[in-house]
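Below are two complexes that have chain A in common, paired first with chain B and then with chain C.
And now, the complex of A and B:
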């Protein structure tokens, strides 16, 4: 259970909120690079941390993320013309460059410098991997760019998708930390999903339905470890790193690519889920890629031309009672991503955590909330840079490993949970 | 057997003969003491076994030992005081005979 004021503190991320200030310390995904495929292409509306912005790519290939609304009379620049190194408002033709600087006001005499004094709010927009990242905080404090392994491996080894989720970011993130739901909600997928099936670890997973959880602190966040029985005298450990504020990685299965998520608040009742899949040492195969595109694994099949899943709350996620009865899917909803989305959205836009009843398997959630809260308060009160800002904290990996009973997991996975270029993931 | 006394928000005290080694939460729930729920079974995860430990026993019992208890007291309980503890994290010992705790009117 969480007191109301703490629930509010953790879930509100708009300008001037404490969690909003915390998010504004980090580089965050603003959109996928594929959304701005070429110079002078159509601009994209981006809402992030409750700020309404416009992303565009100018004639010289520069990316910009500026206030969505024109400084003249407030119309949306999304209707504008992206041409000759700037976006021109469709209403009266004022023109802005990628820094938000107004460069032309057609009605004013060219001799005056009226437009020099007109500048829209603007944020950096930088391509790293398949993602365009932004930083909404104080420019003087801008940290180095993200170092997550999935955006640093060669292009052919990595794939990222995204989907819109219609609920607050925190309950979505909490789903990524709570691995005890996998045994139930996603049980059908271990056997059937082409991106999961056929690993020894899956047998351990299915053989021990009561995992024991341990949580350990790291510099950037937490390690959440699920322990199951393996062979005589051994445990099978699945270790999920969480890097603050909202990055997690699912432990690997066999030689399948490894996946994870970053959750980004759109506003307090919506978030983007960025989902990646990569292999540290080999290109993704055509088969794997086509499965990812089709929404297998942790990806989703989206309505063409949008990032809204085909199965969404307006069609009850295409839930199939018969399939649920037959046991093909525990909840009757197809696909891991939509299974998660359906249940997390079903809690309501912002779940009332004063009414929840946590148990021992929720330890990771309790720890994560406490770390977020403490970091937000330390930032507000003493200006302390929160964990996860330093790119050193990004160099993590998930791991699946079998260890003897007597070995503590922190010790057993110490090497495995560090991203090491050119070294394969530790997996069972 | 050491005695543990639980004082409800209405001032009514229940005294229980506790077994050495069990937790103050278990001693209460076993004996049906009102106001101590112990939903998570003593894992410092639910916060429904919150108590205020009276002087002089608080000295003996000390502040929260486990990180998780500290976190939960911070996040979950409605009225954290300097003598707040999760009773599932306090072990009954012979030395603690007479231990007296106040039980909040409401658990999370």
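And now, the complex of A and C:
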């Protein structure tokens, strides 16, 4: 359980909030690069950390992320024309460049300097991998760009999707570091999902339904390890890294691509889930890519032209009671991503953590909350840069490994949980 | 035939802030009966400090030797088996492997009774491996390295 004030501290990310200030220390995904596919393409409305912004790509290929609303009368610039190196308001023709600087006010004398004094709030927008990243913090404190392996491998080795999730970012993240739910909620997918099935690790997963857990502190966040019995005298370990504030990776299975998520608050009751799959040493196959596009693995099938899942709260997530009875899906909801989303959204927009009943196996969640709270307070009170800002903290991997009983997992996976260019993932 | 929801509260759209006010609101069930056992001297000091905080049904002990008897923070010695009666979680706290034998005894007793076990390793550096080895077979969940504050945080989270 959490006290109300701690729950509010952790879940509120708008301007001026403690957790909002914490998020503003990091580069965050603002949108997928595919959303701005070419110069002068249609602008995109972006809401992030409760700020309404507009993303566009100008005639010269520069990306901009600026206040959505025109300084003149406050209309949305989304209706504007993206042309000749700027976005022009559809109402009276005021024009802004990617820095938010007003460059033209047609009603004012051309020789005047009126527009030089008009500038919208703007944030950097930089393409790294398949994602356009932004930084909403103090420009003087802007950290180096993200170094997560999935955005650093060659394009043909990586794929990223995104989906809208209708709940607070924290309850979505907590699902990502809660390894114990996999045994139940996702049990059907170990046998059937083309991006999961066929690994020896799946047998260990299914053969031991009561895993032990170890939670280890790291410089950037946590390592959360689930331990199951393997062959005689051996344990099967699945190790999930969490990098603050909201990056996790799922331990690999066989030679399948490795996947993970970044959760980004839209506002306090909605978040984006950026979901990636990559292989450290080989291109993704056509089969793998088609399965990812179709919503298998940890991806979702979205309503065409949107990032809203086809199965959503308006249609009861296309619940299939017969599939639930047959054991194909433990919850009756199809697909790992929507199985998670359906239950996390069912908790309500912001779950009341004063009423929860945690158990000892929730230690990963307990520790993550503590680290977030302490980092937010240390930032607010002493200006301490939080864990996860340093790109060194991004160079992590998940791992699946079999170790002798006597070998601590921290020692056994020491190399395996570090991203090493050109070296395959450690997997079972 | 597929039945369709008639009212808002009979479909997933009821998971809204507005609908949340209709959730049944009753006091949370009684707190958990938790036992916290320091397995060595260094851990004992930390456990004693945490014991001074306000807890519901948590009890705090140190242990020596085989672990068949526990010592309460007030100095009274009590049989392990008596103290596990009605308990649903036991937290073992270690800074070294000095309490390995006691950890095995307590762990086995908890397993027989279906009591959840957690372990905290309150140390860093070379002692971690030894403490981990002592706790790993007996703790369903381990936090390493942990601080005194982690113990208090865990106990608060599980309503101890």
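Before moving on, here are some points about what is shown:
As a working rule, the second predicted complex is superposed on the first by the 428 of 428 C-alpha atoms of A that agree within 3 Å, B and C clash if a C-alpha of one lies under 4 Å from a C-alpha of the other, contacts with A are read in each partner's own complex, and residues count from 1 in each chain.
Assume contacts are C-beta pairs under 8 Å (C-beta built on N, C-alpha and C of every residue); 3 or more make two chains touch, one makes a residue touch a chain.
From a predicted model like this one, the values you see are computed outputs, not experimental measurements.
Overlap between chain B and chain C is detected when the two structures are superposed via chain A.
By the touch criterion defined above, A:97 lies against neither chain B nor chain C after alignment on the C-alpha atoms of chain A.
By the touch criterion defined above, A:408 reaches chain C but does not reach chain B. Counting the residues of chain A touched by each of chain B and chain C gives the higher count for C. By the touch criterion stated above, A:348 is placed in contact with chain C alone, chain B being left untouched. Looking at the shared chain after the overlay, A:1 reaches both chain B and chain C. Once chain A of one complex is fitted onto chain A of the other, the partner contacts of A:314 are limited to chain C, with no touch recorded for chain B.
Look at A:174: by the touch rule set out above, it reaches neither chain B nor chain C.
By the touch criterion defined above, A:363 reaches both chain B and chain C. Note: residues 1-2, 357-360, 362-363, 366-367, 370 of chain A belong to the chain B contact set and to the chain C contact set alike, using the contact criterion stated above.
Considering their complex, residues 1-2, 166-167, 210, 212-217, 269, 313-314, 316-317, 342, 345-350, 352, 355, 357-363, 366-367, 370, 406, 408, 410-411 of chain A touch chain C.
Listing the residues of chain A that touch chain B in their complex gives 1-3, 6, 354, 357-360, 362-363, 366-367, 369-370, 373.
Chain B contributes residues 39-41, 43, 45-48, 67-68, 71-72, 74-76, 78, 108 to its touches with chain A in the complex. Within the complex, the chain C residues that touch chain A are 5, 11-13, 15-17, 19-20, 28-29, 89, 91, 116-118, 129, 132-133, 136, 139-145, 149-150, 153-154, 156-159.
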